[in-house]
Amino acid sequence: MTASLFYLFAVGLLGASLFVVLNPNPMYSVVALVFGFANLAAIYFLLEAYFIGALQVLVYAGAIMVLFLFVVMLLNVQSDADHPSLPRVFRIGSWWFGALALVFIGLFLLLVGRSALALLAPSEVPPTQIGSVSQVGEALFTRYLLPFELASLLLTVALIGTVFLAKKKI
Amino acid sequence: MNAADILSTLPELVLTVTALGLLLLEVMGKPPRARFVWVALGGVGLALGLEFAVPSEGQFYAGMISVDLFTRFFNVLFLTTAAGSLLISVPYLRRTLEERGEYYALTLFATVGMMFMAKAHDLTITFLGLELLSVSLYILVAFYRNRVRSNEAGLKYLLLGAFSTGFFLFGIALIYGSTGTTHYDGIRLAIGSGEQLSMALTVTGFGLLIIGFAFKVALVPFHMYAPDVYEGAPTPITAFVSTGPKVAGFAAFLKVIATAFAFTTQHWWGILWILAAITMTVGNITALRQDNLKRMLAFSGVAHAGYLAIAIMVGSADSAFALLFYLAAYAITTLGAFGIVSLIEGEDESGLDMDSYRGLARRSPYLAGVFALIMLSLAGFPPTAGFLGKFFIFSAAIDEGYTWLVIIAVVNSLISVYYYLRPVVAMYMQEPADESAVAVPAFIVPVLLLVVLVALGLGLFPMSLVKNSIAAAGSLF
Amino acid sequence: MVVPLHHIIAISGLLFTIGVVGVLFRRSAIIVFMSVEIMLNAVNLAFVAFSRYHGSVDGQVFVFFIMTLAAAEVAVGLAIIIALYRNLRTADLSEIHELKH
C-alpha cells in the first residue's frame, strides 16, 4: 500500500517538475511546482521524515513559492510562448553549448543510474525512528550548533541584500 | 560548546560583530559614513591580531571545524585580501557616492564565509561557508542598484552560482549516502575500511563535488560566468570576486581531497588533467583577444586557475605547498592589478581599454612601475613571486611524472607573456593622450606597497613565505 | 516501507536532471530559478532517503540547511530581478545582452 502510494506521489512530483520546465507560462509553472512540492512532502511523510515533511509544506510550498508567485504577478512576466522553448536555447550560447549540455546530461544520468544500480544489494530501507521534531531538533542544537549559527548569518546577509537591492530609494 | 570552542572562532566572531555594528551605525539618524572604513579595517586588524594572540589547535564544535597552521595561513591571507579590497573600494565608493555600511558589512561577511571554508572539517560547514561567501558576493556584484550592468552581472552570478551549488550538494548527498557521514575523518575512515555502501556512489559524489568547486574557482568549461561577472561588477568588487572565492575554493578543495579522501580518488585524475589543460589554454587564448583590461584580467584569472588545478591534481606535499605559495602571490598581485585599474577607470566605466594606459609611465611613473611589476609577476618573470609560484608547481608536477601537463603549462605561460606585456608596452612605449598625472588616493598606497613587497620582496627573499606554506601544507598530511 | 533505496535515488536523479534541463534550456530568469529549486529538492530527497537508510539524523539536518540556503538565495535572486526589472523592464534572460559578446 505505502509502496504504491510512493510511486503515485513520485509520478506526481516528476510530472509537475517536467511541466514547470516545459511550460511557457511562468504562472502555471509556479502552481505546478507547488503541486510538485506537495507531492514531495507526502513522500517525506512516507519516509517518516515528519519534521522535513512539515518544513517542505511550510517553507517550500508555502513561503518560497508564494514569493515566486508574488514576483511573477508583480512584474507581470510575459509568457515566452511565442518562442518555442527547446530549440531557442541553442541560440543562447550557440549550438555547441546545447550539444555539450546534452552530452553532459547524458553522462550525468549514466553516472547516477550506475550509482542507483550499485544500491541494489542493500535494497530494503530499514524502519527507523529518526525523523521526529525532537530528534532533528536535538541534533540541531548540539552537534550542529555551529552550522546553525552560520545558517542564521546566511539569512542575515540575505535579509540585508534583499532590503538593499529591492528598495527603490534608501 | 565550551570556552575553547569560542576561542577557536574568535577572529570570525570579531568580524561578525564588526559587520553587525556597521549595519547598526548605518541605520543611525546621520551615519558617520566616512568613518565606516576605519571601523571595518579595525575589525579586520583585530581579527588578524587575535589569529596570532589566541592560537588554537585541534577540532572544535563537536568536530565541525579543525584549526591548525593550514587554517591560520589561509585566515591571514583572507584577512589581508579583505583589508586590501576594503582599501581599494574607498576611493571608488566615494567617487560614485555609494559609500554605505552595507558594502563594508557584506565584505566582512564574505570574509567570514571564506574563513569557515578553510576551517571546515565537515561538509556541512564547507557548504555553509561557501554559501555565506557566495550570497554576500551576489549582493556585492549587484551593489550598484541603478546600473543595469551591475544588476545583470549579479543575476548571472547568482543563477550560475545556485546551479553549481546544486551539483555540489548532490555530490555531498551521494557521499553521505555511501559513507553515512559528512565528517571529513568519518569519510576517510569509511573509504579506508571499505565500510562504504558502494564505491560507485562515492566516486560519483566526488565527481559532482569537483564540478561544484570548478564553478567556484572558474575552471573551463565552468567558467562562462566569470568574464561577464568580472566586467559587470564594480571594479573593487571585481578585485574581491576574482581573489576571494578562488583562494577559498582552492583551500577547501585541497583540504577535502587531502583530509576526507586522502588522495584516493584517482578515478577523476584523468578528468582533472583535462580540465587543467583546457582551462590554461582557453583562458590564455581568450585573454589574447581582450581589449578591456577587466575582461583580460578575468581570463587571466581563469588561466591561473588552470595552473592551480595542476597542483591540486598532483597531490603531493610539495604541490600542496606550491599551491599555497602560488595562491598568496596570485591573490595579492591580482588585488593590486584591479586596484590600479579602478584608478585609471573614468566616469561611467570608461577608461578600461588598453588605450587608456598609453604613456602612463610618463604621467605617473611610480604607478606604471607597480603595474608593470604586477604584470611581470602574473606572467611569471623572474625574480618575481609569480615566477617562483609557477616554478614550485611545475617542479612538483614533474617530480610526480606529469611531464606533458607541465609542457602544456609552460607553453601557456609563454603565450600569456604576450597579453601581459601589452599594457606594459602601452605604458612605456606609447605617447599619452594627456600629460596629467593620475591621482593616487592615500587609501591605495598601502595596497601598492604590499603588492611590491609580495611580488618583488617575496621573489627575491621567498624563505619566510616558503617556510610558512610548507608548515601550513604539512598539517594536512 | 517496502520501496527499495535505489528507486528513490533514481527518482532523485531524474528530478535533478529535469532541473538541469530547465536551467540550461530556458531563458526566463524566473523559470531558471524554479529549475534550480527543483535541483535542490532532488538533493533533499536523496538526503532524506539516505538518512533513513543509515538510521542517522545527519541527512535530515543537512536538508534543513539546504532549505535555509534556498530561502536566502530566492530572496536575494528575486530582489535582483526586481532591481533589474526596475532598470530595464524585463525579466527575460534573452533581453539581457549588455554583457553578451
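Every chain is named by a letter (A, B and C) in the order it is written, and numbering of its residues begins at 1.
The working rule: a residue touches a chain if its C-beta (ideal position, glycine included) is under 8 Å from a C-beta of that chain, and two chains touch if they have at least 3 such contacts.
Keep in mind the model is a prediction, meaning the values are calculated, not measured.
Enquirer: So what shape is it, when you link every pair of chains that touch: line, ring, star, complete or other?
Expert: Looks like everything touches everything, fully connected.
Enquirer: Would you say B-C or A-B is joined by more C-beta pairs in contact?
Expert: B-C
Enquirer: Between subunit A and subunit C, what is the gap in Å from one C-alpha centre to the other?
Expert: Centre separation, subunit A to subunit C: 5 Å.
Enquirer: Let me have the rounded angstrom distance from the C-alpha centre of subunit A over to the C-alpha centre of subunit B, please.
Expert: 30
Enquirer: Just how far, in Å, is the C-alpha centre of subunit C from the one of subunit B?
Expert: Computed from C-alpha means, the inter-chain centre distance equals 26 Å.
Enquirer: Residues touching two or more other chains, restricted to subunit C: which are they?
Expert: 9, 16, 19-20, 33, 49, 51, 53, 56, 58, 61, 65, 69, 72-73, 76, 80-81, 83
Enquirer: So which bits of subunit A are touching at least two other chains?
Expert: 112, 115, 117-119, 122, 144, 147, 151, 154, 157-158, 161, 165
Enquirer: Give the residues of subunit B touching no fewer than two other chains, as numbers and ranges.
Expert: Those would be 124, 128, 131, 135, 138-139, 142, 145, 174.
Enquirer: Which part of subunit B faces subunit C closely enough to touch in the complex?
Expert: 124, 127-128, 131, 135, 138-139, 142, 145-149, 151-156, 158-159, 162-163, 165-166, 169-170, 172-174, 176-177, 180-182, 227-228, 231-232
Enquirer: Can you list the subunit A residues touching subunit C in their complex?
Expert: Contacts found on subunit A: 2-3, 6-7, 10, 13-14, 17-18, 20-21, 26, 29-30, 33, 36-37, 40, 43-44, 46-49, 51-52, 55-56, 59-60, 63-64, 67-68, 71-72, 74-75, 77-78, 80, 85-86, 88-89, 92, 98, 101, 105, 108-109, 112-113, 115-120, 122-128, 130-131, 135-136, 139-140, 144, 147, 151, 154-155, 157-159, 161-162, 165-166, 168.
Enquirer: Considering the complex alone, what residue numbers of subunit A touch subunit B?
Expert: The touching residues are 93, 100, 111-112, 114-115, 117-119, 121-122, 142-147, 150-151, 153-154, 156-158, 160-161, 164-165.
Enquirer: Could you pull out which subunit C residues touch subunit B in their complex?
Expert: Its residues touching subunit B are 9, 12, 16, 19-20, 23, 29, 32-33, 36, 39-40, 42-43, 46-47, 49-51, 53-54, 56, 58-59, 61-62, 65-66, 69, 72-73, 76-77, 80-81, 83-84, 87-88, 96, 98-101.
Enquirer: Under the definition above, what is the set of subunit C residues touching subunit A in their complex?
Expert: Within the complex, subunit C touches subunit A at residues 1-11, 13-22, 24-28, 30-31, 33-35, 37-38, 41, 44-45, 48-49, 51-53, 55-58, 60-61, 63-65, 67-76, 78-83, 85-86, 91-94.
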